[in-house]
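Take a look at the structures below.
Each of the two complexes below includes chain A, the first together with chain B, the second together with chain C.
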Partner chain A sequence: MTRPSLTLRREWVHGWLLLTPALVLLFAFTHLPAVTTIWDSFFSTPRGRREAKFVGLRNYETLLADDTFWQVLSNSLWYAAVTIPVSVGLALLMALWVDGRLSGRGFVRLAYFAPTVLPLIAVANIWMFFYTPGFGLIDQIRGAFGLPEVNWLGNPDLALGSVMVVAIWKEAGFFMIFYLAALQSIPPQLREAAAIEGASRWTFFRRVTFPLLMPTTLFVSVNAVINSFRMVDHVFVMTEGGPDNASSLLLFYIYETAFKYWDTAYASTLTVVLLVLLSALALGQFFLLDKRVHYR
Partner chain B sequence: MSVAIETRDLRKAWGAAVAVDGISFTAPAGEFTVLLGPSGCGKSTTLRLIAGLEEATDGAVLIDGADVTRRPPNDRQISMVFQSYALFPHLNVAENILFGLKVRRVPAAERAERLARVAGLLGLERLLDRRPSQISGGQQQRVALGRAIIAEKPICLMDEPLSNLDAKLRHEMRVELKALQRKLGITMVYVTHDQVEAIAMADRIIVLNGGRIEQNADPRTLYDKPASTFVARFIGTPPMNILDLAPGDGGWCIAGDRTAIAPPHAALPDRVQLGVRPEDIALADAGGVPATVEQVEYLGADLLVDCRIAGQPLVARVATRHPVAAGERVNLIWPAEHQHLFDAATGARIEAAPGFPNPTVTSRSAGP
Partner chain C sequence: MTLMKTMTTTLGAAALLASTATTALAVDLQFFFPVAVGGKAADTIQALTDEYAAANPDVKIDAVYAGSYQDTITKTLTAVRGGTPPQLSVILSVDMFTLIEEDAIIPFDGLAKSDADKAWLTSFYPAFMDNSMTGGKTYGIPFQRSTPVLYWNKEAFKEAGLDPETPPATWEEQIAFGKKLTKRDANGNVTQWGMRIPSSGFPYWLFQGLTTQNDVILANDAGNKTNFDDPKVVEALQYLVDLSAKHEVMQPGIIEWGSTPKAFFEGQTAMMWTTTGNLTNVRDNAPFDFGVGMLPANKRRGAPTGGGNFYIFKDSTDEQKAASFEFIKWITAPEQAAKWTIATGYVAPRPDAWETPAMKQYVADFPPALVARDQLEYAVAELSTYQNQRITTILNDALEAAITGQKAPAAALEEAQAEADRILADYR
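Entry: the complex of A and B
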């Protein structure tokens, strides 16, 4: 009677020992900060000898009245709404192309994947050169056609769009790799079976390839959503959120609030908004798409 | 309705690697033709050339008399069953079977009617809303079959469709496939490496080796008159015994032995081989060819007796009632009409010459 319970106990201890490192890391760097953030959002910012005191929903009231917050939120939503579908769609197109019989296929794959390998800071600097008014690459090409100079990053109407282009360029190649892997796991006999039935390439894509890629699409789009709120390095390098917050994104605004203005309580409040937004999006994606995803 | 297939000097090469090396045959309308051969003999490639999934390097494929060599697969009046079944994993059974009809925009009412008929024929009625991953291998095989026959094409091509099934199911499906082919009057071209499957189902077997046709005949001819030592050893379990002959006193003898097998004859080439099927060999009390038993394998109804005749190995399949033990000396006899002669240099069959068979062996062929 004692032996089984002993082995059971030992297994239990082993199990927890194995889990501990991951648990410690997860608690220390993910769960604890998240809970602290929510907690802090109900307090005032401690300054000098003044301790933080409980202020209830005051920070949230400030948030609702903050025009910059609304602009940054709208920027972020636009940024997500454009970069996610475009980069995922582009990734799928590139993967389909690169998967086909193509001379120099290896080179094209490498070329598409290269932006992923580069650090975003470096990418942003390269694009700074492209965007430079007057002698940047884009204006030089425009100049060849007799078109006027454009200040891509300095114009409030163009800044956000210019930042989006960089993000898409950076992300599409990364997502392409996932699509490419998924495409190559589709047995070639399926295409042959469809060819015998007389299915056109488009029919085969619509009825077979695309549904079989759904798990990848789900994975890639969850990543794209997270990245669209997480990656702001290029904003630092290229525009610093300007001009007039035109290209500022939520995370960038949080950084500015927390580490430039040292308003940590308000930054916590903003972070809570970001967390809620991300959780809602991720849950929505899983519940909406899960029904239409076929896992093999 | 039935349509014949003809290949003319069909060739397929990938660079220096030649998979199919000039194959010409006719698969007659409404018949069951089997392409048989070991792996790498070019049988699957031949089938894929007929289907239009590979482009021929040279030669032609004719379907119903029309040259279809450069036409796409859907323009060849064919349906096909793949070894892996190639079912669409995200579609249920009904959707899988209906895939082709939907692609060809067959009206919904007709689709439903044809689906009901095919599902009834194959016993799939209760599986229609399952996914391929939720049904057994045998059922998947039926779905693949359903997808092929619902198309109502006059030709059906099958690439080792039974090789993923267990032995019992394979036997059942063999019978069922043959019956189905007869019933629907389909021209069937069936690829397999399993000679039992080929013999059991085929109206006509084409044995391939190294991208060439070794023999094209009905199963009985293939068994009774193999055209080469390759065919002789490929058909039958255990395979035919092939023994070297040497000229002796009274005629050709098994090398190292002195019992005359065939009379000396001018028509025979320099080096001759003898072929005898294990099931044609019997044990005799005296006479015949002396042999030493090396090993005996008990199979229930029969014994497989491994012997050596003057150093050359030979297998005999004899009834269990003959008690034989390893190390024993035995006398082997076989009917002269069941011995085959081959040219050792080319492996080709030598048709029986006048003065043959040899009476020495026939006289005792009645057996015990």
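Entry: the complex of A and C
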């Protein structure tokens, strides 16, 4: 009678031993910081000789009354709402195009993928040149048509949009690769069968291709959501959140609060908001979208 | 937050490694320095440090390039919080209050024991010491300091029928000259602007030039009260806004710092306000004859100072503090200060540096280098308060809102003052 339970226990020990390295890393670098962040958000910021003291919900009250926070949050939501669907849609279009028969296909694929290889900081610097008023690329082209110069990054109505364009330009090529791989794994018999049935190209896309791409769409959109809150490097280079926070995003504001103002408690509070937001989005995506995804 | 914690851990570990890799005999110093104006500055600092180490074998200095000014204070404060600060560092003079509040630095007065040392503390330009002292104590020693000046394109002046040797001396002249210098094509689009005051990132700095010229100070010496809603400050902001909105001599919207010298070289603007740190850059790259002058005056002449000071950190041994003090004394001595100025364009921080043969040779060759020094007489301390970065961000946001026409100058500055009061109330 003792033997099976001994084996069970040994397996149990082995299992845990195998899991330990990954668990230690996960706890040390993900869970522990997340928990301390939430913990810190209930304390004041320690400064020099002044220790941190428990302040309850005061940081959260500050947050609700902070106009910059609300502006940054709305910027972030707009940023996500525009860059995610546009970059995913564009990626799908580009993938469909370069998947077809087309001369110079390899070159076009490379051209679409090139922005992904560049570091975001370099991309931002290239776009800084495009956007420079007067002698930047865009204004030189506009000038050839007699149009006046535009201060893309220096105008609060245009700054956020200009920053979004850079993100879309950078992201679409990356997502295209996933769609391209998925498209090439769709069996050609399906297309032949559809052709015999007399289905139009649009019907084929809507009824066959698109549903088969759903797992990729889910994967890509989860990535797009994470990236839209995570990638802020170009904001540092291009606008530093300006003018008057018009192009500031949540993560950029967290960085400013933590490493410029050294208000670590308030930065923790802002991070909690980001954590909650991202968790809600991720859960929503997995539970809602997962039902509609068709895995083969 | 995950990122921040990870960074703290990594930096802490790196600093720990650096501090354990020491030998017992010599005094080891770790020295963080920023570079704000390109590669040559880093080489010069390294060369100077090596020279000192060669002459003083009992001192080992590890000079660490720490990135921009912003990166340097971030790295330094992270190291301080991790318990392994550098022994000395060059950090923006305006971050003095932040460093004091973090209890990270010590005043130089305690280290200056001999009369010669005490005399040394008073040997710098008073304009630079404004940002280096508080409560009667000296916390920073000026090193890579700058001030904004006016650069003008002499060829554009000639073309517009202006005397190419005379820059505008007053606010009115600046507008009048600007109007003559602004050129438009057949469609009414501007091909050359009259002037350019960059406003991206930290508009408060050049704005402080305007407020000083309008004879008003933005913050008190104790660093706990700002003066943003003073009518004279509003007037200065109105002038800045009007340059684009009313007189149309400057490009509207926020103007990029980084592309400002390029816009000047390309003939996109005929005059620009920018730092003396760009002097060598303009000298090397302007394809036309250019002039350098003091900023125009209104009620008085005026400009802010800027740039970085040396600080000594608290959490080190007494030997390390004494050795840091000696090193700072050496590197700011006339010969070294002259070398530094010639290599970069920063303003040598003490009068006797300008009397050295090397420096005399340099200014005889290139007289514009003198303009910044002469302007020091009219210069004031750069805006610096407790919670400095936050207060300047508040002012920057207000300025950007006014420049882009979203708020009226008076309203924007009133809001900024109210917000600054809320934050600084704790420090009074």
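In this section, the second predicted complex is superposed on the first by the 282 of 296 C-alpha atoms of A that agree within 3 Å, B and C clash if a C-alpha of one lies under 4 Å from a C-alpha of the other, contacts with A are read in each partner's own complex, and residues count from 1 in each chain.
To be clear about the criterion, a contact is a pair of C-beta atoms (placed from the backbone, for glycine too) under 8 Å apart; a residue touches a chain by one contact, two chains touch by 3 or more.
Everything numeric in this text was worked out from a predicted model, so none of it was measured.
A.B. asks: Evaluate whether chain B and chain C can sit on chain A together after superposition, giving fit or clash.
C.D. replies: In the arrangement built by aligning on chain A, the partners chain C and chain B fit side by side.
A.B. asks: If you tally the residues of chain A touched by each partner, is the higher count for chain B or for chain C?
C.D. replies: So, of the two partners, C touches more residues of chain A.
A.B. asks: So in the superposed three-chain picture, is A:Gln184 touching just chain B, just chain C, both, or none of them (first/second/both/neither)?
C.D. replies: A:Gln184: touches no partner chain.
A.B. asks: First (chain B), second (chain C), both or neither: which does A:Thr203 touch?
C.D. replies: In the superposed model, A:Thr203 contacts chain B only, not chain C.
A.B. asks: First (chain B), second (chain C), both or neither: which does A:Thr132 touch?
C.D. replies: Touch partner of A:Thr132: chain C, not chain B.
A.B. asks: Could you read off the angle at the CA centre of chain A, spanning the centres of chain B and chain C, to the nearest 10°?
C.D. replies: 150
A.B. asks: Considering only touches as defined above, state whether A:Ala193 meets chain B (first), chain C (second), both or neither.
C.D. replies: first
A.B. asks: Go through the superposed model and pick first if A:Asn155 touches only chain B, second if only chain C, both, or neither.
C.D. replies: A:Asn155 sits against chain C, while chain B stays out of touch.
A.B. asks: With the superposition applied, I'd like the minimum CA-CA separation between chain B and chain C in Å.
C.D. replies: Nearest C-alpha pair, chain B versus chain C: 40 Å apart.
A.B. asks: What residues on chain C touch chain A, complex-wise?
C.D. replies: Against chain A, the touching part of chain C is residues 1-2, 4-6, 70, 74, 77, 98, 100-104, 187-190, 199-201, 251-256, 258-259, 262-263, 266, 268, 387, 389-390, 393, 396-398, 400-401, 403-404, 406.
A.B. asks: Which of the residues in chain A come into contact with chain C in the complex?
C.D. replies: Residue positions touching the partner: 29-30, 33-34, 36-37, 47-49, 68, 128, 132-135, 143, 146-149, 151, 153-156, 239-240, 242-245, 254, 256, 258-264, 267-268, 271, 275.
A.B. asks: Which residues of chain A touch chain B in the complex?
C.D. replies: Chain A reaches chain B through residues 187, 189-190, 192-199, 203, 207-208, 211-212, 214, 294, 296.
A.B. asks: Can you list the chain B residues touching chain A in their complex?
C.D. replies: Within the complex, chain B contacts chain A at residues 51, 53, 72-74, 78-80, 82, 84, 86, 88-90, 99-100, 102-104, 131, 133, 147, 151.
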